[in-house]
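Handing you a structure now.
For clarity, chains are labelled A, B, C, D, E and F in written order, and residue numbers in each chain start from 1.
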Amino acid sequence: MVVRQSDRPGHLTPPKCYVSQELLDLAKKTSSATVSGVLTGIGFRFIYMAGVHPVRPGSLVVGRAYTLRYLPRREDLTANGPDRQSYPQTLAIESLGQGDVMVVDARGNTEAGIFGDLLVARMQYRGAAGLVTDGALRDTPFLRTNTFPCFVKGAHGYGHPSQHWAADVQLPIACGGVLVYPGDLIVGDDDGVAVCPQALAEEVVKRAVEQETHELYARDLITEGVPINEAHPPFSQEREAAYQAWRHARGL
Amino acid sequence: MVVRQSDRPGHLTPPKCYVSQELLDLAKKTSSATVSGVLTGIGFRFIYMAGVHPVRPGSLVVGRAYTLRYLPRREDLTANGPDRQSYPQTLAIESLGQGDVMVVDARGNTEAGIFGDLLVARMQYRGAAGLVTDGALRDTPFLRTNTFPCFVKGAHGYGHPSQHWAADVQLPIACGGVLVYPGDLIVGDDDGVAVCPQALAEEVVKRAVEQETHELYARDLITEGVPINEAHPPFSQEREAAYQAWRHARGL
Amino acid sequence: MVVRQSDRPGHLTPPKCYVSQELLDLAKKTSSATVSGVLTGIGFRFIYMAGVHPVRPGSLVVGRAYTLRYLPRREDLTANGPDRQSYPQTLAIESLGQGDVMVVDARGNTEAGIFGDLLVARMQYRGAAGLVTDGALRDTPFLRTNTFPCFVKGAHGYGHPSQHWAADVQLPIACGGVLVYPGDLIVGDDDGVAVCPQALAEEVVKRAVEQETHELYARDLITEGVPINEAHPPFSQEREAAYQAWRHARGL
Amino acid sequence: MVVRQSDRPGHLTPPKCYVSQELLDLAKKTSSATVSGVLTGIGFRFIYMAGVHPVRPGSLVVGRAYTLRYLPRREDLTANGPDRQSYPQTLAIESLGQGDVMVVDARGNTEAGIFGDLLVARMQYRGAAGLVTDGALRDTPFLRTNTFPCFVKGAHGYGHPSQHWAADVQLPIACGGVLVYPGDLIVGDDDGVAVCPQALAEEVVKRAVEQETHELYARDLITEGVPINEAHPPFSQEREAAYQAWRHARGL
Amino acid sequence: MVVRQSDRPGHLTPPKCYVSQELLDLAKKTSSATVSGVLTGIGFRFIYMAGVHPVRPGSLVVGRAYTLRYLPRREDLTANGPDRQSYPQTLAIESLGQGDVMVVDARGNTEAGIFGDLLVARMQYRGAAGLVTDGALRDTPFLRTNTFPCFVKGAHGYGHPSQHWAADVQLPIACGGVLVYPGDLIVGDDDGVAVCPQALAEEVVKRAVEQETHELYARDLITEGVPINEAHPPFSQEREAAYQAWRHARGL
Amino acid sequence: MVVRQSDRPGHLTPPKCYVSQELLDLAKKTSSATVSGVLTGIGFRFIYMAGVHPVRPGSLVVGRAYTLRYLPRREDLTANGPDRQSYPQTLAIESLGQGDVMVVDARGNTEAGIFGDLLVARMQYRGAAGLVTDGALRDTPFLRTNTFPCFVKGAHGYGHPSQHWAADVQLPIACGGVLVYPGDLIVGDDDGVAVCPQALAEEVVKRAVEQETHELYARDLITEGVPINEAHPPFSQEREAAYQAWRHARGL
C-alpha cells in the first residue's frame, strides 16, 4: 500500500511524473556530480545533500524517492512504542518496491540510528534501490559489509525512538538541506546525493550521460598531455571530429 | 479559515484538546522554566526549544501553537514566486486569531528571515499572541522596538524565498528540536520556549502556578538567610504553616 | 596613503566606481534587509554577512569598504611584533577617511579581538563611518557605550596577534561569507550587513529607498486592518492613487 | 565547610596562594582584556574563556575561583535525585564566602540550566562575588534584572539533572576551554572571562592596572588627534614626561 | 600501581563491581547497538558516545574502563614538560592490565593527538584491551594498520601538550558526552561506543547476547521473505517453537 | 608561468628560500606528526591543518606550496563564467611543476568541489606532487581509486562556481587554519597536513628524520617490553650505545 498526500488547500501538491526503470538504468551511467552539474547549469542550487555519504565507500544509489518524515521523540506518543500495523515506518518499508529509494528526513540528527540491520534487510528483500537519510544508521558493522546502498550522515547505536518518531510518509520533506518530493530521482555516490525533480529527470539524465562521455574523452586527452583549456568542451571543430570518431569506436 | 490535517493512514493524527483563553491567562503567571520543570518531572524530555530567544529581551509569549512548515527553496517551485491566494504562509497568517502563536519549522536555518515587519504587523493586528521559529527574522531594527513577542534563533536580511518555501500548515512539525502539534501550549521567555502537550496543559499549568508561588516564597526565605536545603519544598511542618500564612496574606 | 592593488595577471582587478557621500546619505534611509532584497531581486545571493551584528544594538553602518586581510598568526613573522610604520593594520587605520568602513577579513575566527578601544577611537577621530569584521573585538565594555558603529561576530579579550597577522590592505577579501571589494557599499544594522557592488550602488540604493517608502505605507495600511495580500505592492489602481497622495502629504 | 583535594599520586596538586581581598579590589580597576593581555605577554595562551558572557550586559566579575565539576547525567545515579546533605552542588553553594566566584565545569553543554534563581539568590546572600560557567542558567528573566554577576554560554529552562550531575568540588577543572584551579583569580566582563593563575595574580594585576592607566591616557591623546603609533607606549621621552604629569594631576 | 579515588565528602564515590574476564568474553558476542538497546530499554539514555569511531574500520573493543582525565594546557604547568615518574599519563599506561580499556576525557578537543604510536604500542604490550577517547590520536598512518582497537573523534599531528595536560586517573570522567566510572564495561564498534554501568554489566550482557541470537534468527526470516512485523519478537507461538528449534540446531 | 606577488607597501612579502627536490625526497621519510613535533618544539603552534585528510586513506603528500586563493562567488563576476586564459585557477594549474603542491584557500567551505577529475588529472600529468585544500573535491568516486594525493575537508558534487571564484595565485593564504606562503614545505598524511616555513625546512626535516629513527628504535624496545619512560629519548648511556649499534646495523 502506498499512502499518498491528497491535494488540499494549504499544502504543496506533489508532482506526478513517473521516473521509469529504463531511465533509472540510464542514470546509473552518470554520477551525482554530473547530475548536479546539469541542474546547476539550468539554475538549480538546492538539489545536493551535504555531508550524506555511503556507509560502504564506493556505493552508488539510483532510484525514485519514497519519503518518510521523522519528528522529534515526545513521551506522550512513544510511551507504549509504535502500533505495529499503522506505524508510518512500517508502512513505508512494506510499501517500497523495485527502484524505490527510502529517503528519511531525520532533521540532521545523528544521535540515534533511524534503522538497523533487520529493516535494511527487509528493504533489500523487497527489491528497493537504497536508503538515504540525513540521520544515522545503527548496525553499521553489518551494513558496511552488505551490498545494499545506504547513505547517511553518521552512525549511532541507539534505536530511533531515542530521538525520533515516524510521522508520515510520502509528503515532500527536507533531507540533507534540500527538498525531496516523493518520486524525485535520487543519484548518490561518494561525493554525496543529488536530487533531480522528477519532471526534469529525463532531460537531465540524458544531458548528464552526454557529459560523462565528454569527460571520459577529456580524461583521455589530458592523459596525452592536452591542457585543460583544450580538453574541456566546447571543442574546436577538429577536436569535435576526433571526439565523434572516438565515440563511434567505443559505441558511446 | 483554518486548514487542518485530516486523519489519514500513515500520518500522525493531531490531538483535539482546546486550550482555553482562561488557561492561557493563568499560564502567563508561570515561566518556561517552571512549565518545563513540571513536564520533566512527569517524564518528558523533548519539550524545550534550544537557542530560541526573544528579539526583544524580556518578552513573554503564551498561546496555542498554529504550525507552518517551511521546506528548502527549490527553483522549480519558486521561479514565479508564491501564488498570493493559496500560499501556505499567507493562509497561516490570515488564519491566526486571538491567543494563537505562529510556530514556524525553519529547520534551524537562519540564513534568511522567515518574515519581516509587515507580516508581523498583520499578525499583531489579528490579535495573535506571538511568533516562534527556529529560523531567523528580518527587519529586527523595527521588531526590537515593537511589543509583539517574536522568538527566533537569529536575524537575517534576506527574504524567506532565498532559503525556504512554505509547504503546509497545521501539520505536526519540529521546531527548535522538539515536536509541536497544532494547538499545543507555548510558553516562552528569556530562557527559551517550552511546548506543553495540549492534553496535559491544564494539569501542567496549575502545577506550575503552584510551584511559582512556592519559589516566590523560597526566594523570600533565602533573602532572610535560610539555606538552600530548607528553602526548597518539601517544607518542614512548621515551615509549611508559615508558607500557608504567607500565601493567605498575599491572596496567592 | 591608500595602498591599492595594481592590475596583475592572475589576480582579480578591483572595480573603480566611487560611491559618493550623497549616495551614502541616501543609503542611510534604507536598511540592510531592503538593500539585500533589491540585490536578491536582480539575482545576487552572496551579498549578506551572516552572524555579523552590532556591538551596540540599534547601530547603523553605511559607507565605502576599505579592506584589511588578516592571516593566521605564525611565529616566524610575529616573534618581534609588527613593524609600526609598515604594518598593514596601521596603514589601514591611518588611511581611512570620511565615509570609509573598515572591513576586516578575520576568517570567522573569534578567538581574539582584532582591534581594541584605542584603534577604534583613532578610526572615529579620522571620521571613518564604521567597522565590520567576521572576527571579534576587545574592549567591548567601552565600545558598547560608544557611538562608533562596530559590527562583529563576537568579543574576546586577547589582542589580535594571538590568532592573526595583518597581511595586506585593499585586496578583495571574504568577510562573513561574502566577497568584498575595496569601495563596495556597506549597509549594516541589527539584521546584519549587506554588501552592494559599487557599480550597482546608485541603482540599488534608489530602488531600496523607493521600497522603504512603499513599506512604510504598507505598515500604515496593515495597522488599519488591510490584509497582507492587499498591503503589498503591486497595488490596485485605486490604492496606487491613495499611495501617491500619502507620499505627497509626507513629502516622500 | 570547604572540601579540598588532598595531594595524591596521579593527581594534579592545587596551588595554595591566597588572593587577598585587597588584590581583588585592585583587580576591579582592570578588565578581562588587560589582564589577559598581560598574561599573553608573559607567554600564556590558554587563560581566556571563549563565548562566556554576562547575563546582564555591563556586568563585572572579580574573585577567587571555587570550582564545581558537573558530569553527564546517568540514570543509575540520578533516579532518586541528589542527597540534599552531601550533594556537591549544595556543598559548593554553602561553602562560598566573600570574594569567591563559583566556577562550574558544564563541559560546554547548554541544554539545561546549571542553577536557577534560588541558588543564585543564596550565593548572593552568602556574599559570593559571582558565577561563571560554560553551561547555561535558568530563570534568566529574573537574573537579568538582578545585580549578581552571572557569566554563561546560554540560557535554558530545564533543571540541571536533565543533563548534569554534580561530581565534586575544588578539583582543577576545565571551563570555557581553559584550566581553572581553586583559588585562581577570575576577571570577567563583556569581552569574556580571564583566568589568572593565583601565584601570578599580584604581579599581573599590578601590571594590568598600570596598563589601564596608560590606555586611558592614550585614549585622551587619540581624542586630540595623535596617531596610533605615537599614542601607544613606549612613549618618546617628551611624551613620557607629559604622561607622568597627566597621572600626577589625576592621582593615578 | 593503580591509583584509585578515595571516598571523600563532596565527591562521587566510584562503584566497586568487578567485571570478570568471562563476562568480557561473552560481551564480545554482542555489539554496541545491542548493549545500548538493552540499556535504553531499562531507562538509560546517556550511555553512548557520539562521534567516537575506530581508527581501523571493523574494530571491536570490549573491556573495563580505566579513566584518565586531561585538562587544558596551561603554561605555568607545562613549561618544563611532565615529570616522567609521576605524570598521570605515564601512571595510567603503566597501570593498565589485561582487559582494561584506557578511556581518556579530552573534552571533545581534537586539535592535538592524545597519544602516538609508542604509547599505544606500550598499552598493547601490557595486554590492554583498547583505547577510547573523545579527542584525537596521532600517528594514525601506523595505527590504522595495527590491530590494537583505538576509538577516537579525529586525528592530529600535534603531541598532547599542545592542548592538554594529564590531570588525574581513575576519577569518574566525561567522555563523548557520557559519564564513565573506572571499571565500567566498554563495548565499541563501527557504530560507536556503549558504556554499561559495571553493576548492571552481567544482566545487560546476558540480555544482549539473547537479543543478538533473536536478531540473527530474524535476519534469516527476513531473507526468506517474512515481513518486519512477523520477524521481530515477540513471536507467535508457532514461530517461537521454530526459533527454539533453530537455536537448538545451532547450539545457541 | 609563475605569477609572484611583488614587494609592495601594505603587503606581506613572501620569502624566497627554495626547497630542493633532495630535501623533498628526505622529507618523504618523515610524517606530518614528526615534522609538526619538531616545529612545536621550537615554538610554532599554527602550522598544522585541522580536519584536512586524504581522499584515499594512506596517502602521503610532500612538496612545495603553490597557493591559489578562492573568494566567495558573486554574481557580477561569475555571470559569464571565467575567462579561460586569465582565470587564476587555470593559471595555477598550468604553472605547477615537479614537486609543487597546489594549496587552495577555500575558507573551510565544503559546499562545492573546488576541482574535479579533469583538473586533478592535468596536475598529475604535469608532475605535481599533490593537492591540499580546506574545501571539498568532486568526482571522489574516481579520485579515491587514483594515486594522486588529494587532501580535503570533504566531498561535494557541485562545481566550484556554486560557492567560489578564483581570486589570485601565489599570495600568502590561510588554509585549514594556518598561514601558507608560496614555497613552504607541505607534509601530509592520515593525521593531517603540516606546513613548514621554507626558511626552516632543511633544519626541520633533518631533525624529523633523526626523530623518526629514534622512534623506530623505541618501538622495537617497546615490543620487547621496555616501559615508556625508558624507551623515549634521552636514553641512558648504555641504551644510547645500543641505539647507535642498532642504527649501524640498519644503515640509518
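Here are some notes:
In this section, contacts are C-beta pairs under 8 Å (C-beta built on N, C-alpha and C of every residue); 3 or more make two chains touch, one makes a residue touch a chain.
Note that the coordinates shown come from a computational prediction; the quantities given were computed from them, not determined experimentally.
Each of B-C and D-E has its own count of C-beta contacts, and the greater count is at D-E.
Rotating chain E by 120 degrees superposes its CA atoms on those of chain F, with the angle stated to the nearest 5. When every chain is reduced to the mean of its CA atoms, the largest separation from chain B belongs to F. Chain C and chain D have Cα centroids separated by 34 Å.
Centre to centre, using the average C-alpha position, chain C and chain F are separated by 35 Å. Within chain E, the positions touching two or more other chains are listed as 45. Chains that are in contact with each other form these pairs: A-B, A-E, A-F, B-C, B-D, C-D, C-F, D-E, E-F. Of all residues in chain C, only 31-33, 35-37, 40, 45, 48, 50-51, 53, 57-58, 60, 189-192, 194, 215, 218-219, 222-223, 225, 227-229, 231-232 touch chain B in the complex they form.
Those residues of chain E that touch chain D in the complex are listed here as 1, 3, 6, 8-12, 43-47, 71-77, 86, 88, 91-92, 107-108, 165, 167-174, 177-179, 197, 199-200. Listing the residues of chain B that touch chain C in their complex gives 84-85, 90, 93-94, 110-111, 113, 116-119, 121-122, 125, 138-141, 144, 154-159, 162.
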